[in-house]
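Dropping a structure here in structure tokens format, bear with me for questions.
Labels for the chains are A, B, C and D, by order of writing; each one numbers its residues from 1.
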Amino acid sequence: MSNNNPSFHLTGLIAAPFTPFDSKGRLNLGVIPAMIEHYKATGVSGAFVCGSTGEGVSMSVEERRAVSEAWREATKGTGIKLIIHVGHNSMPDCCALAAHAEKIGADAISVSPPTFFRPQGIEGLVSWCKQAADAAPGTPFYYYHLSNSGNYKMAEYLPLAAKRIATFGGIKFTNENFMDFGLTMAAAKDRYDILFGCDEILLSALVMGAKGAVGSTYNYAGALYNRIITAFNAGDMKTAAVLQTESMRFVRIFFKHGGMSANKAIPGLLGMDCGPARPPMTPLTGKQIAALKADLRQSGFFKLIRP
Amino acid sequence: MSNNNPSFHLTGLIAAPFTPFDSKGRLNLGVIPAMIEHYKATGVSGAFVCGSTGEGVSMSVEERRAVSEAWREATKGTGIKLIIHVGHNSMPDCCALAAHAEKIGADAISVSPPTFFRPQGIEGLVSWCKQAADAAPGTPFYYYHLSNSGNYKMAEYLPLAAKRIATFGGIKFTNENFMDFGLTMAAAKDRYDILFGCDEILLSALVMGAKGAVGSTYNYAGALYNRIITAFNAGDMKTAAVLQTESMRFVRIFFKHGGMSANKAIPGLLGMDCGPARPPMTPLTGKQIAALKADLRQSGFFKLIRP
Amino acid sequence: MSNNNPSFHLTGLIAAPFTPFDSKGRLNLGVIPAMIEHYKATGVSGAFVCGSTGEGVSMSVEERRAVSEAWREATKGTGIKLIIHVGHNSMPDCCALAAHAEKIGADAISVSPPTFFRPQGIEGLVSWCKQAADAAPGTPFYYYHLSNSGNYKMAEYLPLAAKRIATFGGIKFTNENFMDFGLTMAAAKDRYDILFGCDEILLSALVMGAKGAVGSTYNYAGALYNRIITAFNAGDMKTAAVLQTESMRFVRIFFKHGGMSANKAIPGLLGMDCGPARPPMTPLTGKQIAALKADLRQSGFFKLIRP
Amino acid sequence: MSNNNPSFHLTGLIAAPFTPFDSKGRLNLGVIPAMIEHYKATGVSGAFVCGSTGEGVSMSVEERRAVSEAWREATKGTGIKLIIHVGHNSMPDCCALAAHAEKIGADAISVSPPTFFRPQGIEGLVSWCKQAADAAPGTPFYYYHLSNSGNYKMAEYLPLAAKRIATFGGIKFTNENFMDFGLTMAAAKDRYDILFGCDEILLSALVMGAKGAVGSTYNYAGALYNRIITAFNAGDMKTAAVLQTESMRFVRIFFKHGGMSANKAIPGLLGMDCGPARPPMTPLTGKQIAALKADLRQSGFFKLIRP
């Protein structure tokens, strides 16, 4: 199904799953069904796997295939949409992953730009994306724009990508440049999905018209974010802002405790142990996890995220 | 009047005036009354003079005093509040400007951090600000946080500044870090004013509770932004977002035509000629101004900003 | 042979080979023997394969193995030392490449840090390196420090790496921080090899005691650089500086013509066609190559590099 | 005397004096004669006042005039050349300082670029410099290129500046880009002075032909650096490198103890008390100075710098 099918859209909260590892860093995929149950209980509509949160680039191609297949299997029949991130520094690997994603029936693929060498300008970036997209000619393609991608403007990227990439579906926009976000939304005109990727400031994107979002904290706090969306839709901006500030507060807590590594420890506190982050990230020790838990509890986090 | 007077607040749209120069780069202050008339006609509540837009750091101390006095004179009895930016790489000059601002009856002063040497951490930054604030002990003090200030977090700055600086009134927050903005708003608790400084994304701050804003485009487009605020307050988010996108569009136009130098040419197209930008900025030629005007007209800009 | 064998050292000029591709971007390894002949004719002592110049991260693991094997085969019996870069964003792939390098008898391996996620501090960096080094326990390990690696100080890295990594052999130092270079040289005390990696400023490293260097322009200009070394060793600093300036001049030429992509076109002008650079780099067109050639010729480049 | 006088040159070690303050941060110029005696004893040929080390931008225009006059007075008849840095964010102040420097008979002036707004490209930079230079039409002009100046290439700047600025004398090159240094030296062709500004890596510039240097550590360690120059001139590269490494070691020590603030405390340990650094720098406490002294002593610093 290509994006020429205008009925395909990604909307609502899409979790970017942590990839579960065991204590030795090996894949430990048994926890996935519990994650999906949590998504269903908290109103999460999709899973964006093997991206930044999923430590995609820290895995081998074989591992990424295995993770993708496990998610495909586990999401079947649930209505949870599956987007597979296939970005890689090496284009041959990127294409192999894209073809595999299509073969197993992913709902969409996504590509972030290479981080050692950089595409040259918007032309170079679209050309890079097109090669990957062409390896999955029947699957909607979403560009993954993130803060360390380079200084590309999405409002310039979108028209060119829409013209050149037959399966272009939209952009995962993980960047605080709201002027570029607004201009990109305007250029997308409801035909392409601009999925906002900064959970802690979602409300500032909702007010500009965002209809979908991808993020790591939707793995466990979807209920909170859906309350923000509900308040926003009801015109209760005060409540929406108060709840968004609560989101900022717990994000600040896990940043204080180690950032991404601490974030990855949170599902384990809710019975969905995703294990340690892989190198080059430094996983939290048991003691550090206990301190994180204590801080989160004191802040009211566990009540806050309750469905 | 110190901020211990809890009734002092800065709210609504505050313009950051361009400093008018003649063709030889000398002060040309006769245009100020026309600017103030425009503010009144478009619902602008204050003037933040000698800041970035006002090219404060490109003027001598004597010139900054003259500009400040002209604004003090011209705003008298208008209800337009006057905030004078006194930031300077040299603390003696900064203090002299602060004392002068108090002497002439400024409603508030503001300080941006030095840009050659940098204060060390939040402690160093608050210490820098305190020295300046102490030179105007009867005038509310607002810290000017801007993108090139360094990576200070305002949510950490505010509590320390509020404790140490007797006249602390709030922050001009010209930065896209909305998580820091939200946490700073929460810390300010309506006691301190957090004035948002990125005109083109104002709506994303309004939704987080912003009650005041300082910016260069409020010099001529206050009517548009007040329509955004009105729509927002009425719960009409769709209109608010559409109008905010129009703001992004004309900002994109003047960036294409030269950025700040082009922005400074816009009042002249409305009968309030502010002259060329000073070195190190490169002013637009007459031909370039004509091209800017043509692009703005084609975009519908002149209708858009009509009161 | 581990570095506990104090007789193992890398010295002199070591080329970082371009990986030869055909016009469709597929491996085209037949040109390798000609490259080695050129090395022998110009006094190049080693080959550092699949690094930045070799576009290692733009290839699949399978391709990197094939390239490494071709170089192993072709260097046999030549005295040209073979160093294989095995750095990868994914540690499993990095280890697989390290083990393969050892299996085929590489003289040394090298690892650059991951570029999506970053090791945390010197501890994290050494820990990352140790995992890779341990996968090739009989092969000397060289850390690849380059400008986009992050702000690690090698003078701090070296003592810790030397203590933790049994096979630690030294550092490929591709960075303009000469203070760190000098302090690292002092810490290495002739036991570890600090290979300088910025060809165009080699002389500034020689004077600080550099005994080895790795770089892309040694693929074709080894004769010139050996003349610099000879002049330096003879105490003729004037000649050395003049020749080094000539090196800067031709580097400036290929930067003007496209940087790395243009650099990769140079061997083809000398009968060793390495084909186009891979995405995300943009290869030169035939016309662009002709323009590069004309500029190089006019500058006297082809005479300059003659053995 | 303009640079049209080809006999004017700045060579050898030029100290960038700390500006002496008393404990309250007021000018304390009585120590200047002792500094000059030290220069004479250690072979320092000039003083570059009110630059970075001199905290020029942290002083008012009046203070900068007073400091300049004190240095003019104290250097008279000593053969020590006086270069006055007149760079300022505000061009009117910059010109006033330039005119004053000429009036008091400075041997040369220097200008660093503004740091709030930035000149646009090489054209903008030369245009900025020309305005300042024209305010002192009889005094040689040196551009001050430093790491935080922006990414200008001096090899492009020099030819344009030489053409446009009648008094152009050269560049104070405080940047680690040795390729640009080498190409600039080649463009300067002994007509213009390219004064290297990174003391701790001076040897790497000497080998490329540097004949002059400006730096903060020449205030107290000129004897050491002159030994480096002597060894270099004698062809004894080993000794030169060993001594340069010693320079790196003590620079590392004062960086560990607070950077510039610690550096400014060193003359006081030698009987030339320059007092505390001004805000925004944080001066060392007495206890911190004692710790710095202990570390320096243990490293052999005081013997190392002995004339």
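Odds and ends about this structure:
As a working rule, a residue touches a chain if its C-beta (ideal position, glycine included) is under 8 Å from a C-beta of that chain, and two chains touch if they have at least 3 such contacts.
On a predicted model such as this, the values are computed, not experimentally measured, just so you know.
When the contact pairs of A-C are matched by residue number against B-D, C-D or A-B, over half are shared only with B-D. Using mean Cα coordinates as chain centres, the one most removed from chain C is B. Once the centre of each chain is set as its mean CA position, chain A and chain D turn out to be 51 Å apart. Chain centres here are Cα means. That of chain A falls 36 Å from that of chain B.
Remark: the chains found to touch one another pair up as A-B, A-C, B-D, C-D. Contact residues on chain D toward chain B in their complex (touch as defined above): 52, 55, 57-61, 63, 89-93, 96, 113-120, 124, 127-128, 131, 148, 260, 278-282.
Chain contact summary for the complex, chain D toward chain C: residues 176-179, 182-183, 185-186, 198, 200-201, 203-209, 232, 235, 237-238, 240-241, 244-245, 248-249, 251-252.
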